[in-house]
Amino acid sequence: ARRGYPEAVYCEGKTPGQVAAIAAAVRDRPDVVTLFTRAGPEHATAVLGELPDAWHDADAALLAWPPQPPPPTGGLVVVVAAGTSDLPVAREAMQTARYLGRPTELVVDVGVAGLHRILAQLGLLRRARVVVVAAGMDGALPSVVAGLVAVPVVALPTSVGYGAAFDGLAALLAMLNACAPGVAVVNIDNGYGAGHLAAQIAAPPPAGDV
Amino acid sequence: ARRGYPEAVYCEGKTPGQVAAIAAAVRDRPDVVTLFTRAGPEHATAVLGELPDAWHDADAALLAWPPQPPPPTGGLVVVVAAGTSDLPVAREAMQTARYLGRPTELVVDVGVAGLHRILAQLGLLRRARVVVVAAGMDGALPSVVAGLVAVPVVALPTSVGYGAAFDGLAALLAMLNACAPGVAVVNIDNGYGAGHLAAQIAAPPPAGDV
Amino acid sequence: ARRGYPEAVYCEGKTPGQVAAIAAAVRDRPDVVTLFTRAGPEHATAVLGELPDAWHDADAALLAWPPQPPPPTGGLVVVVAAGTSDLPVAREAMQTARYLGRPTELVVDVGVAGLHRILAQLGLLRRARVVVVAAGMDGALPSVVAGLVAVPVVALPTSVGYGAAFDGLAALLAMLNACAPGVAVVNIDNGYGAGHLAAQIAAPPPAGDV
Amino acid sequence: ARRGYPEAVYCEGKTPGQVAAIAAAVRDRPDVVTLFTRAGPEHATAVLGELPDAWHDADAALLAWPPQPPPPTGGLVVVVAAGTSDLPVAREAMQTARYLGRPTELVVDVGVAGLHRILAQLGLLRRARVVVVAAGMDGALPSVVAGLVAVPVVALPTSVGYGAAFDGLAALLAMLNACAPGVAVVNIDNGYGAGHLAAQIAAPPPAGDV
Amino acid sequence: ARRGYPEAVYCEGKTPGQVAAIAAAVRDRPDVVTLFTRAGPEHATAVLGELPDAWHDADAALLAWPPQPPPPTGGLVVVVAAGTSDLPVAREAMQTARYLGRPTELVVDVGVAGLHRILAQLGLLRRARVVVVAAGMDGALPSVVAGLVAVPVVALPTSVGYGAAFDGLAALLAMLNACAPGVAVVNIDNGYGAGHLAAQIAAPPPAGDV
Amino acid sequence: ARRGYPEAVYCEGKTPGQVAAIAAAVRDRPDVVTLFTRAGPEHATAVLGELPDAWHDADAALLAWPPQPPPPTGGLVVVVAAGTSDLPVAREAMQTARYLGRPTELVVDVGVAGLHRILAQLGLLRRARVVVVAAGMDGALPSVVAGLVAVPVVALPTSVGYGAAFDGLAALLAMLNACAPGVAVVNIDNGYGAGHLAAQIAAPPPAGDV
Amino acid sequence: ARRGYPEAVYCEGKTPGQVAAIAAAVRDRPDVVTLFTRAGPEHATAVLGELPDAWHDADAALLAWPPQPPPPTGGLVVVVAAGTSDLPVAREAMQTARYLGRPTELVVDVGVAGLHRILAQLGLLRRARVVVVAAGMDGALPSVVAGLVAVPVVALPTSVGYGAAFDGLAALLAMLNACAPGVAVVNIDNGYGAGHLAAQIAAPPPAGDV
Amino acid sequence: ARRGYPEAVYCEGKTPGQVAAIAAAVRDRPDVVTLFTRAGPEHATAVLGELPDAWHDADAALLAWPPQPPPPTGGLVVVVAAGTSDLPVAREAMQTARYLGRPTELVVDVGVAGLHRILAQLGLLRRARVVVVAAGMDGALPSVVAGLVAVPVVALPTSVGYGAAFDGLAALLAMLNACAPGVAVVNIDNGYGAGHLAAQIAAPPPAGDV
């Protein structure tokens, strides 16, 4: 585990065979949490063949081993998904933070087209040490959330939307231009990166050795 | 006046001499409202030399002649500027709608980073037949406003913002991807176009001959 | 129904199972019109399994329930498709306006390469309260139509064309730069958005509560 | 003169001194037509210092020497400018064709927002062997003209327009996607290139040796 | 046939059924040449079911009916393909010109990486009234050919190349910036457009009524 | 002060007069820290005319009032500038964090072309609660720093570099694709945003009410 | 073999039949090394059907014939792959250099997120005459390597990464902006081009006639 | 001097005062060659004030100190400029290589529009160990040169050209897609980078310690 955090295996460019080999090697290191990200059905089968008790979130295309996350420490990570389509990426962020050892909460379907929905979550939002906001299309939600809370907001653009969304570019640009300060942007659809960053922001005071 | 609407003279690419010549020609047609858009100080001097009583809004870089707008008819056009930097473009939109004969209202500094500011205007917004929303940076305000009103929103992106605003591109893309329906997008910094469109949307029932 | 308008379910990112669940929930709310947009064959089957009498326009990838649109009120919405390839998106726009309660007309194959075709429709165009113009490739038709009518034109770029059409970007940019005023641009291939906006523009005088 | 056509000196990246040196060298070759393109006031002074009788079109930023163009041969080149702002580039195209030896005509202010203006020129357009169409903003005019004539149309995008014109990119893309066949596109604001191409298209039958 | 030229049916966005219907309608108009462009195997089957004797070039994805092209008139159209990968698009251009009534020649594998190959074709090139040059990757060949001939060059970018070719964008930009004058650019992979333009350039003197 | 943090006045789009008016209004609220960002010489003169004892960092184009920052609390914010050219933006970030109440350190000229320079700072880097990394050109430094520390890295792209830096776009994209996790990206040249975000990340445990 | 180097057959745009025909023709020229690049499984089968003893690296999608590379001469070519996902492209580069006659070494998984990994290879890197560095995502590795060695670095961007990697564009731009001098950039995923260039750089002193 | 090569001071973002301070510090280190790149007139005055005998090439915006370059060793670096506008950047490349200790030659005005010009230089080109090719517009020359020589070609795109050159982007993309192998691309207008890379490629066999 680099820098005291879990090891991540990015499956997308790998064959099931390569992923299985990594999973087999991992079996001997139960002290290190390993995350398999962007794991399609065949990747998942390959991992579960070697690590049958691995934890698997098919929606988030994520597996974790050992299956039990560390006991939660540090501040609360609240993950917010603007719409249902943003849910897979939001779940990946939430689970990543959980396996890095943070307490987490997930809120869905609170896009800016109906402000009452996000305002109804104000209590929860204000208990957070950091808020991850996943949104596609206009990417407007992080600006709104950052105006409501004093803690950092991790803005996670998703590739959801019609043509001129340009696969998440519109949301990405909007988030980089958030009109409220305190917004940290990550790559399009990069739930793992968002969750990792959030876990680091919400880490307990002695951040430990790198 | 093409289609019963004012004639517009786009000054930006023209010399003061060319603009003066047009102004002189206009003097003989007091029945037609003429707007001089994107008129810098030298353009304004040229117009006022020929039409001394022309109305001049230096902030909006706009002149109008005859100076008196038509009596207001049709629905209310509310123009909203997210921040002070969006004001020149917002004023251009508002004045254009006024000289096309609509009643207008202007609201400033209601960006989404402080939701209470736009929510405080809800009464006014709901009296509008159409709302023009000028915003730069993340271009998030039209989505929020469109979620608050049932009438069309004309989204007017401005070229305000840091590097990755790309001179209004970020706001433009965000607005094209507004997550609430009912958003009509116009070109970057095109206050004239936004005001014209809004005036057409709010036109009194018999739209008259084109 | 948010703001008094139909509820829309965007199917593209959803599984048939998710769509079926939404359709089942909708069954108990016949007072609200629900539109299922971007519904592929499997989505359609899922909806029709729950709502057998739903109205289905396969070309427009659209379903509506209850099947009967509201009685038409407000101004006429004319939808114009430049070419046959623009027809699915144009139909989506037209049906959306119809299910929002407007009278509608659809005109096809009136691209600017043969001006007589659009000029032959001048009578119909001038009866409209708003015209939706769907076009790909050069996106030139909205400029021409906006020059012919005094009412607003909703410009709907489609992703039709050879390489440098860049999936609708060329048409989108052209429409944002329309050389006639009064053009409202929406996202690429977003027939639903265009139809919704048009229905709002053509809404009967008392726009109703949002 | 390469390939039997005039020599062109592109002044934009050159100092007045460099341009003067070229002009001096040219003086000894009156048999070759030399064009100085993109010549600002200082470039013009430099050329006229060496070639006092050179022909100078300040609007087109062009000089020619010897001042007398060749006697016109070949087909008629009609140059069309959509708006007044497109005139400098259109003039550059027209003069280039004239100094390559073609008969030329220039038509201005015939944008597609008022179709009657271009339709009024149909007689002239149909006498042309080739039509050059200069337009900025939506770049729609070449599509319309190409639908009206059987001869090739040289589409010349100009950098005129609001923000999302992106300095001529919108017009360029529109022209590459012209929905009528027979459109030849050249670089943004490249009046010289358009005029040269038109002159080659309209060249008299025996095109001569290259 | 619009403007005296063949009718073109762009098959890409159409179902085989739609194409078959058009083919059936065409059967009654043997006086007009009809081209079916971008016709995949299923489109071809549909056309041949209605027009069994239609001419079919599978490589060019093109069908023509009546099968016999008009007797060749006008100047020679030489079509040049830089590499084997550019051949389908080049063939589409050549066949289009042939069915518009021009004499044609096709030359392949003459990319600029081996100059002797294009120089070996100088005799043929100099007999042309117009040269179509299809090239992907760096799009350099039109510049070289335009430097070798006095007639117009129609530059036809293809979507061939590694990542930074960006599906033909690199070649398109290179061609728009050709450093020799006399280059007419068309859309990426638009062989039909290139061939049509070339046929118009090489048309016999009395171009006929549009 | 929104959310308990300083008020920021973005001067770039404002006249000196407008800025002076804001400065005058601020004078009555010494309990709130106000930052004037992107303040050119004329803006600075305007502010200092109203608030003579305001603190001014001309390199960072920043003024603060009251001049004394709050006593430092929370974790250490280390700001790293890859090269001298990145210094103005890095200083803006550092001063912003300081006026939000954090202890800060600044390190310059530690680009990745000489790894020993950044490695020599490892002791300081590992004492940080958050590291801000300002870099232009290839934007590679945040990836390297994020690999060396366990705390979050705020990546701040600058518009420094040759042509294909595209005014900071290259650095921005590189940072969004950082190959080490834990990188939070902000807008190009947005030192204020980076410093604000860093101060929030390093805030003392009870973050206070928003 | 053009210029004394192997002949390359780029298979991607070719049918298996076309590739088989080329392979058959090659069989009679054992004096020339032929490389089949971007050869998928069907291309490989086609080649091996004609040249059964051809050397095949399926990971690199490459075949070579005759199977035995030339005896190595010239300087050492070290190929470095930042991550496992960059391996196919890196192998293509390495094998190309080997079949052009160079001694080669391959190093994997030395990304900048863990500097110790690349620093552990310093001995090998400093024995190289040229280093090829394949990297996706942030494209940071070439800058780091170029700071460690005095010889040229061939930077080979790969299309690996999340959304804002834009299929290798982010890495490409980063490499073009490398903050250490001595970096030569090639096209995205173009392992053949990188290996060819490296072999030319490391060629033995008398480079031979072209 | 990092890695045994000259130290470079990139002046563009620096004040004359900062540059003068660096020049003063350099005075004490005559053993190291220092290059001041992108030095405008004021930068040059500042350098010459401290180092009066520094060598100055105003066209290349370059100064060097000590004024005498090292005695030339290694292979010949030939620098080719397609047109006169590319000369400043080409000179920067050539002088950089010279101050890194290579023998150099410069050739101008050999663009591909007149192939005889580059073919006339074949003798010189084939004596080179590396060829630097500076070109703007279509960026076609490196492809042609790489087809003529067996040694590496350093392709140096310049920002010369009309609108769709997009400040060198067109040439950059063309060069990345060169259809002949052996092309090494550097940043737009980066003459220093090109010359440095060329000097490394042409370095004498024992490349020396880094």
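Per-chain numbering from 1; labels A, B, C, D, E, F, G and H assigned in written order.
One rule holds for everything that comes next: a contact is a pair of C-beta atoms (placed from the backbone, for glycine too) under 8 Å apart; a residue touches a chain by one contact, two chains touch by 3 or more.
Please read all numbers here as calculations on a predicted model, not as lab measurements.
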Contact-graph separation of chain C and chain F, given in steps at minimum: 2
Pair with more cross-chain C-beta pairs in contact, given E-H and B-F: E-H
Centre-of-Cα separation between chain E and chain D, whole angstrom: 26
Inter-chain centre distance, chain B versus chain E - centres from mean C-alpha coordinates, in Å: 46
Gap in Å, rounded to a whole number, between the CA centres of chain D and chain B: 36
Numbers and ranges of chain H residues touching at least 2 other chains: 2, 113-114, 147-148, 161-162, 164-165, 169, 172, 176-177, 187, 193
Touching pairs - complete list by chain label: A-B, A-C, A-F, A-G, B-C, B-D, B-F, C-D, C-E, D-E, D-H, E-G, E-H, F-G, F-H, G-H
Chain A partner contacts - residues on chain B that touch it in the complex: 82-83, 111-115, 119, 136-140, 143-144, 146-148, 161-162, 164-166, 169-171, 173-180
Partner chain F, residues of chain A touching it in the complex: 2-5, 8, 126, 129, 147-152, 154, 172, 176-177, 181-187, 192-193, 196-197, 200-201, 203, 205, 207-210
Residues of chain E that touch chain C when the two form their complex: 2, 10, 13-14, 18, 157, 159, 167-169, 172, 187-190, 193
Chain F residues touching chain H - in the complex, by the definition given at the top: 84-85, 113-114, 160-165
